[in-house]
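One structure is given below, encoded as structure tokens.
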Amino acid sequence: MQPIYEYVIAALLLTGGLFTLVGAIGLVRLPDFFTRLHAPTKATTLGVGAIMLGSVAYFSASGPGVHVAEILITVFLFLTAPVSANILAKAAMHLGVDRTPQTRGNPWDQ
Amino acid sequence: MIADLPILSWALHITIGMVALAILLNVYRLLKGPDAPDRVLALDTLYINAIALIILLGIALDTRLYMESALLIAVMGFVGTVALAKYLKRGSVIE
Amino acid sequence: MTLSLVVLLPFLGAIAAPLFAQAGRTAIAIASSVPAVVALMALFPYWERLSEGGVLVQTYDWMPSIGLSLSFRLDGLSLLFALLILVIGLLIILYARYYLKPHENVGKFYALLLCFKGAMLGIVLSSNLLLMLVFWELTSLVSFLLISFWNHKKDARRGARMALAVTGGGGLALLAGILLIGRIVGSYELDDVLAAADLIKAHALYPFALTLVLLGAFTKSAQFPFHFWLPHAMQAPTPVSAYLHSATMVKAGIFLMARLYPALAGTEQWFYMVSFTGMATLLIGAYVALFKHDLKGLLAHSTVSHLGLITLLFGMGTRLAAVAALFHVINHATFKASLFMAAGIIDHETGTRDMRRINGLWRFMPHTATLAMVAASSMAGVPLLNGFLSKEMFFAESLALNLPGFWAYVPPLVATLAGIFAVAYSARFIHDVFFNGKPVDLPIYPPHEPPRYMKIPVEILVFACIMVGMFPAISIGPLLYAAASATLAGDVPDYQLAVMHGFNLPLLMSFLAFFGGLLMYSQRQRFFDFHARFKEIDEKAVFEKVAMRMEDLANAFTSKLESGSLQRYAMLFVLSAIAVAWGPIEELGWFIGANGLSPIDTPTLIGAAVLILCAIGTAAIHRSRFDALILLSVVGLMVALAFARFSAPDLAMTQLSVEVVTIVLLMMALYYMPSWTPIEESWPRRLRDIAIALVAGVGMTLITLAMLTQPFESISGYFLEHSKSGGGGTNVVNVILVDFRGFDTLGEITVLAIAALGIYTLLKNIQLTPPPGDGHGHAWTRDAYPVMLRQIARPMLPLALMISLYIFLRGHNMPGGGFIAGLITSVALVLQYIASGIQWTQARIPIRYHNVIGLGLLFAAVAGAGSYAFGYPFLTSTFGYITWPVVGKFEVASALVFDLGVYLTVIGATLLALVSLGNLSPHSATSQLKGGL
Amino acid sequence: MNHWLTAPILIPLLGGIIQIFIGYAPISLRRTLALATTVLLLVSTVALLALASDGSYRVYTFGNWAPPFGIVLVLDRLAALMLLMTAILAFFCHLFAIHKTDESSRQFHALFLFQLLGLNIAFLTGDLFNLFVAFEVLLIASYGLLMQGNGTKRTIPSLHYVVLNLAGSALFLISVGMLYSVTGTLNMADLAVKVPQVSAEDLPLVKAGGLMLLVVFGLKAAILPLCFWLPKAYGSATAPVAALFAVMTKVGFYAIVRVFTLVFGADAGPLANLGLDWLFPVALATLAMGVVGAIGARNLRTLITWQVIISIGTLLAAVGLGTEQGTSAALFYLLNTTWIVAGLFLVVDLIAGQRGAAADKIVTAPPMHNRTLLSVLFMLGAVAAAGLPPLSGFFAKLLILQATTPGPQMAWLWSVLIIGSFFTLVAYSRAGSIVFWRTVEGHVAQSERLTLPVTVAAGGLVAMAVVIVLLAGPISAYVDATAQQLFNSAEYLTTLHTPVVVGGL
Amino acid sequence: MLARLGFPQPFLSLILFLVWQLLSDGVSGGSVVMGLILAWLLPRLTSSFWPERPAIVKGWLLPMYLLRVVWDIITASVVVARLVLSTRQPQPVFISYPLSLEHPLAITMLASTISLTPGTVSADVSDDNRMLLIHALDAEDEQEVIDTIRKRYEQPLEEIFQ
Amino acid sequence: MELAYALTIGALTASGVYLLLRARTFPVIVGLTLLSYGVNLFLFSTGRLATGGQPILGSTDSYSDPLPQALVLTAIVIGFAMTAFVVVLALRKQADHHDDHVDGRESSARLIREDDEEEYDR
């Protein structure tokens, strides 16, 4: 495997790991549920996506033939993450979980 | 395979460490709450991180045999989250 | 042949008799007499041989393994009893014909009577002790039914139960005794047992055997302290009292002593146990008899007393005493049976048995009176009657018994005293019933003589009393001799049966007894007053009270243990497991095997930490159920990761899919349940449970640790070797599931199917009202089907179907397979149900999941049975490779059909369960999704 | 390869599958097919008994994989006996069920047949893990059957039964795992080969595993202190189900006999006769407990359920002697008690049906419509159950009593067994005389009249008490041979050398 | 035309075909054949779940849109990352966004896009599909957010659908 | 490694047993589930712990023991079926006795009696 691949893969993995971690940190640090909701939906999703790409790259580079099944998983995650976020937000609004005082505007509950 | 790619294996282990740490943080949030949605959110994130972990495991072991497991976690995690969330606001999951 | 026939006939008669019930009492009486008549005719030819001490034994195998054979024996002794049983039986049948009222269940009565006759003949004719015991217990059972013939009477039922308890219980003791004898002798055949007499008496087990056997004999023959059941058995119809409880059944114990006399008698233990029991019984019976106002009560106690007398004679252990005993058996049978019949007639004609009301019957029924008075005199031991003869012998024996010092006087004194009482109560029977002024408001007045034929049996018996009394030698001599020689194993002492033996001590004792008795009767009022000071205890009531108390105690004890508390039961189970496993675990200790511990990497460590944390967390916060559920799913997820981590991709996938379905299921249930678990147990209680849980946990940890660090060899090498070549798959786990151990999988999907069917049944017409909102007072939202979810759910279905097909097809060679594929499909459908509701979804997949399940099982079964056609065993798989243009080479394996069965069953079962659960929801009818979207 | 061996498995399986499909067909059809299946099963088991009675082992290798790698069925005398006993029992229960019980749910017959499937697998399998699967099959089916019928009184007992058995299954898996983790095999014969060779440091693992297995089987068999779930569970089940369950505890008994004579038998080296020293006293205690329960019973059903526990105590006490005679006696007693107790369950149900409000309570009530017949049936059953002559129970007890050799064991067994019989006798006579004789005026509104099938079913099972007596000779010969075969476990090991089919047809 | 060939939903069929290729890790003879079969079969099997065709008129614009979204996702994640790691308290706000899209699928796509892109999560869709509730993680000016969304995502989507 | 694994099983068993001994159906079911997780992990590990030894022929050079994996798979499925059943049974309990106590103390006692009454007037 050419070194360049190795660097690319390493970079992809590290980025992915970083974003995953950031997502988790956000989950811990952000003040209320609605703000916390942002962290996984974006950071984590992206992080995992990056790791997937890393995997694709690694296996395609290391062995014969291309291996792209991870793409499917990534796409799946990108499709479902917003829905999970949406339905969780609905649940939270329904239960009227507390919001940080800074929040402007009001949630609905229908 | 990985063994003779020093940088990659180093990066790999760092990444695995980060994901593992992320999982710990998720569990912290999951245990802390305060509200049910927080827990479900943490669980959902946990699932996604688990996917990452599995993929990384596959690389570390240099096998693609865990790809379907990762796919399955994605599917099941989604359905699980949806079900839990629906329970929270609707009570009856299937009706 | 003959003997077994003699025993069998009555039973056949018992079956036949009821058929004649319609034809009237006479018809059935005649029918019932047939067996006895035939039996008598069958036995007659043997008389010659037996009178010379011959023995007739007939044996057939039954259960050789336990030494039980159908072997019968006819000798003098058994002949004597057989004749008593048959002849008196005939008289009883005749008597009962008139005694019973037309409306009564005559069929049942005669059937039982014949059953009893058969059983009784069985006892006396058995030559195998076990066989004898069979009949022995049978007599107890039948007497139970006969005593309670008038089962609408409380006293009848209670008397019957008490009799059964005592005699049946005694029978069990006898069983033990016989088994011991059998163990000593090595056979239950009478010949062997009698031959082994010395061996038995020398054996260490002899005391036990003797005691147990005597327990059987004493209970049956109403010996003190077991005598109390007999008087209460008088609730039976009088024919029964006359037959079972004076003439025959109560003599079974006596018979047993006679039968085993050579084998058991002649030892210290025998002497003391038997003679003292007999003496006590003799006295007590005689004493109590005097104070009974009930005719039958008097007779019953006198019977007890006479049985005691006979027992005492056997106890004395001298050969003459034995002869006297046998002689008295005959005499007592005759006079007591006739007395009972007379009492029955009186009862029958006056409607009462209370001697305080019955007076002066002489004027109303002189004929019956005469008969009764003769019989009573015989009972009193008046000369020229048979009772006198045996009593004389008894007195003689009581004198002959030379005990050391003062004890030498005891037997004669007791004998005389008992004699005095006997005369007294006999006198009362005569005077108080037939004279003593006028009757006191009898229910039936005026009484008169019974039907002619009802008296015939009495007459015959009384005639016998007189004949034997006056011409003993010719009338009874030979039979008595035969019986004696059989009992005494040949050496009969020389004795002569004469009306008088000249003036001697026995005669004096008789005189004392006679006049003493009359004197006592004349002074009866004093004695009655004296006796009245002690309040009479009703054994029946005592017995009942004891039984009740026992029942209550048992019930209380049981409900203490069987408390209906699952927590208790579960704890007992866990504790049992710990109890048995703890010893080995201690042996194990902190054992690290030869392989030692391997290093752990950080992520695995973190994973383990998370798992442990969440497992304990689930238990810790279980009261908040939803949170517990979430923690549970983390645990499930981590378990799946563990499977993946330790090289089990198939398990990881299975665990994942199963877990999510389980969680959905649990949430659907939680919907109808309280969302909080209240605190119910006290702290100590919870601490106890925690302690138990910890012990269990530690145990499992130690076991796992030891096991994991030990090297081992398994059969799995074979699977790895043959998976590809023999099973045609590279995914060894899957090949094991569908091929090597396909039968397990067949069972497993059957379980799944049954569970689904069971769930479906359970949820049929069940009413559950869900709470209006969650535990925190939020009402449920109306919005059941969010648009985004609906939108995403649609493409999921074909996508998931594709994925499951992919997982299914590659399962044989790569991680996957029918089960996982099935779960993916199910989950995809579940998502549709969640997103759009049951009605909407069901309208689009009109499938009865029952059929899917059935189809799945069918596929699996057929795939398995297919191999029959090729002469291979069930579930033998086959596979081949096909090459097509473009597509290239691909595999076709029969195991795939089997796996398809798995796939279908999983889908059917999962969805049947979830959908029938969802259908409970009150919304499922109302809140359906309108239109498409 | 004798395909007959799979008949007791395939017949109920296919019959059950058919029932799943025709769940909505008219009940007459479902009944006919279901009963036909049971009859067919009965026939096949008779054939198997005929096969087995030559004393040789017949092995069926599923998937044509040689043991110990594939799963095998092993037909020997014991298996054949259990199969036939169960089939006969099942036939009568099924006959009784088609009178009314099966109307309670469309799945009744499916569940019933799958129950038989599980039982038959358990009796035939030669593989420890497959035994677990068999247990699960028969358990899940029994859960379903237990909840048959309307009313709410079954729910709690069933819940207890299910939860306890789930815990039991967990323990079963742990035990199997421990045995495998050392021996590396699951085939019972192979286990019997490997267990004696276990190394010293592995010994505790195997020992713990074996003893836990004993607890698992003990739970199924309902021995003290794991028997308290039983009375209410059986007491609340519908009659034919309760009657069929008479065999459920016997499965536990079978498993103990099979595993602990074969794997932990006399030849098991350091683990020889594992658990035997626990078994005997526990069994006697169970027997005593059963008697106490029977004395305290306030209704006939409860009385019979405790009789079940008495039976299991007696059976295991006999087996606990660890002798050939003991086991042989136990097997003889097994036939008697299984059929008779089942028969009594049915009879009691008929009695309850004719006493209106009093049902099966031991109290006064208006006379029954078929008092004579029912009282005769009850009496026969009671006499056989209490072990009084001249019915089968007596001979069974006799065999057990004779199986002992002088010593403390004999003293204990004899006294408990004989005193026990005495109190059972008292209990039965009390119950019977009150229920049948202590009647009050008046008549029951809707007294359930006897129909032919129920009468035949109840009568047939009770009549077994007589049949056994008539066939006592051959039966005792058969069970003797069975015990002999069991104790000659070395012979069983030859099943490992079963050749696989080569070339097929 | 495609419909007459038995592909009632060519778009779905296409996706399925691609997915199969992804699953079987690359294109081979077998995978193509199987992919075609499934692309034909599955839509028919599940057609009952799609009573109406998604009204995609300008399908070719979709890739462009997706690329834009992917790019935004990356930037979005960076933004969130910075905020998460910074000490500054975020200024969250709930915004009601009036929808001009009508087709549920289109709305869903918009909502999803919003959730994946800078600092916004679409929290809810009104029952009448007219309003979208957006939660912005850190925004000073609601209107600005609304405008960006309108021109960057909703208009392209309007172009693609109807 | 082995120690961590053993401790995990211990924790699962302990938590499972503790919940098994609770008085309400729901915790008991959760407990049974935890217990079965522990048991499955145990049964799985009887083949010993292997890293990267998936029993897929050709994937590696040393394979882990496939048999326990197959057994656990069967156990998981059966456990799933059983859990499903007991969950529904718990619901039935809730429906019949209006509480979720495993013994349904007082309330059920009353109900059972009523139940008998029903049977009385047959």
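A, B, C, D, E and F label the chains in the order they appear, each numbered from 1.
As a convention for this text, a contact is a pair of C-beta atoms (placed from the backbone, for glycine too) under 8 Å apart; a residue touches a chain by one contact, two chains touch by 3 or more.
No experiment lies behind these values; they were computed from the predicted model shown.
Between chain B and chain F, the least number of touch steps comes to 1. If you take chain A and chain B together, the chains in touch with both are C. Ranked by separation of Cα centres from chain A, the top chain is C.
Remark: chain B and chain C have CA centroids separated by 62 Å (rounded to whole angstrom). Put simply, the C-alpha centre of chain A and that of chain C have 71 angstrom between them.
In this assembly, the C-alpha centroid of chain D lies 62 Å from the C-alpha centroid of chain E. One finds 23 Å separating the Cα centroids of chain B and chain E. Touching two or more other chains at once are residues 20, 25, 28, 40, 42, 45-46, 51-52, 54, 56, 67, 71, 74, 78-79, 81-82, 85, 89-90, 92, 102-103 of chain F. Multi-chain contact residues of chain C, defined as those touching 2 or more other chains: 564, 566, 570, 574, 629, 645, 649, 670, 700, 707, 712, 714-716, 719, 740-741, 744, 748, 751, 754-755, 758, 762, 774, 778, 781, 783, 786, 788-789, 792, 803, 814-815, 917. Shared interface positions of chain D, defined as residues touching 2 or more other chains, are 129, 133, 136, 140, 143, 147, 156, 159-160, 163, 167, 174, 178, 180-181, 186. Every pair of chains that touch is listed here: A-B, A-C, A-E, B-C, B-F, C-D, C-E, C-F, D-F.
On the chain C side of its complex with chain E, the touching residues are 783, 786-788, 790-792, 794-795, 797-799, 801-803, 805-806, 832, 844-845, 886-888, 890, 931-933.
For chain C in complex with chain F, the touching residues are 564-567, 570-571, 574, 597-600, 604-605, 608, 611-612, 615-616, 618-619, 622-623, 625, 628-629, 632, 635-636, 639, 642-643, 645-651, 654-655, 658, 661-662, 665-666, 669-670, 672-674, 677-678, 680-681, 689-690, 692-694, 696-702, 704-705, 707-709, 712, 714-716, 719-720, 723-724, 730-733, 736-737, 740-741, 744-745, 748-749, 751-752, 754-756, 758-759, 762-763, 766-768, 813-815, 819, 909, 913, 917, 920.
Chain B meets chain A in the complex at residues 1, 5, 7-8, 10-12, 14-19, 21-23, 25-26, 28-29, 34-38, 40-42, 44-45, 48-49, 51-52, 55-56, 58-59, 62, 64, 67, 70-71, 74-75, 78, 81-82, 85-86, 88-89. In the complex of the two chains, the chain E residues touching chain C come out as 12, 15-16, 19-20, 23-24, 28-30, 32-34, 38, 42-43, 45-46, 48-52, 104-105, 107-108, 111-112, 125, 127, 129.
Touching chain C in their complex are the following residues of chain D: 1, 3, 6, 10, 13-14, 16-17, 20-21, 23, 60-65, 68-71, 105-107, 110-111, 114, 117-118, 121, 129-130, 133-134, 136-137, 140-141, 143-144, 147-148, 156, 159-160, 163-164, 167-168, 171, 174, 178, 180-182, 184-186, 190, 201-205, 207-208, 211-212, 214-215, 218-219, 225-226, 228-229, 231-232, 275, 278, 289, 292-293, 295-298, 383, 388-390, 394-395, 398-399, 401-402, 406, 414, 418, 421-422, 425-426, 429-430, 433-434, 436-439, 472-473, 476-477, 480, 501, 504-505.
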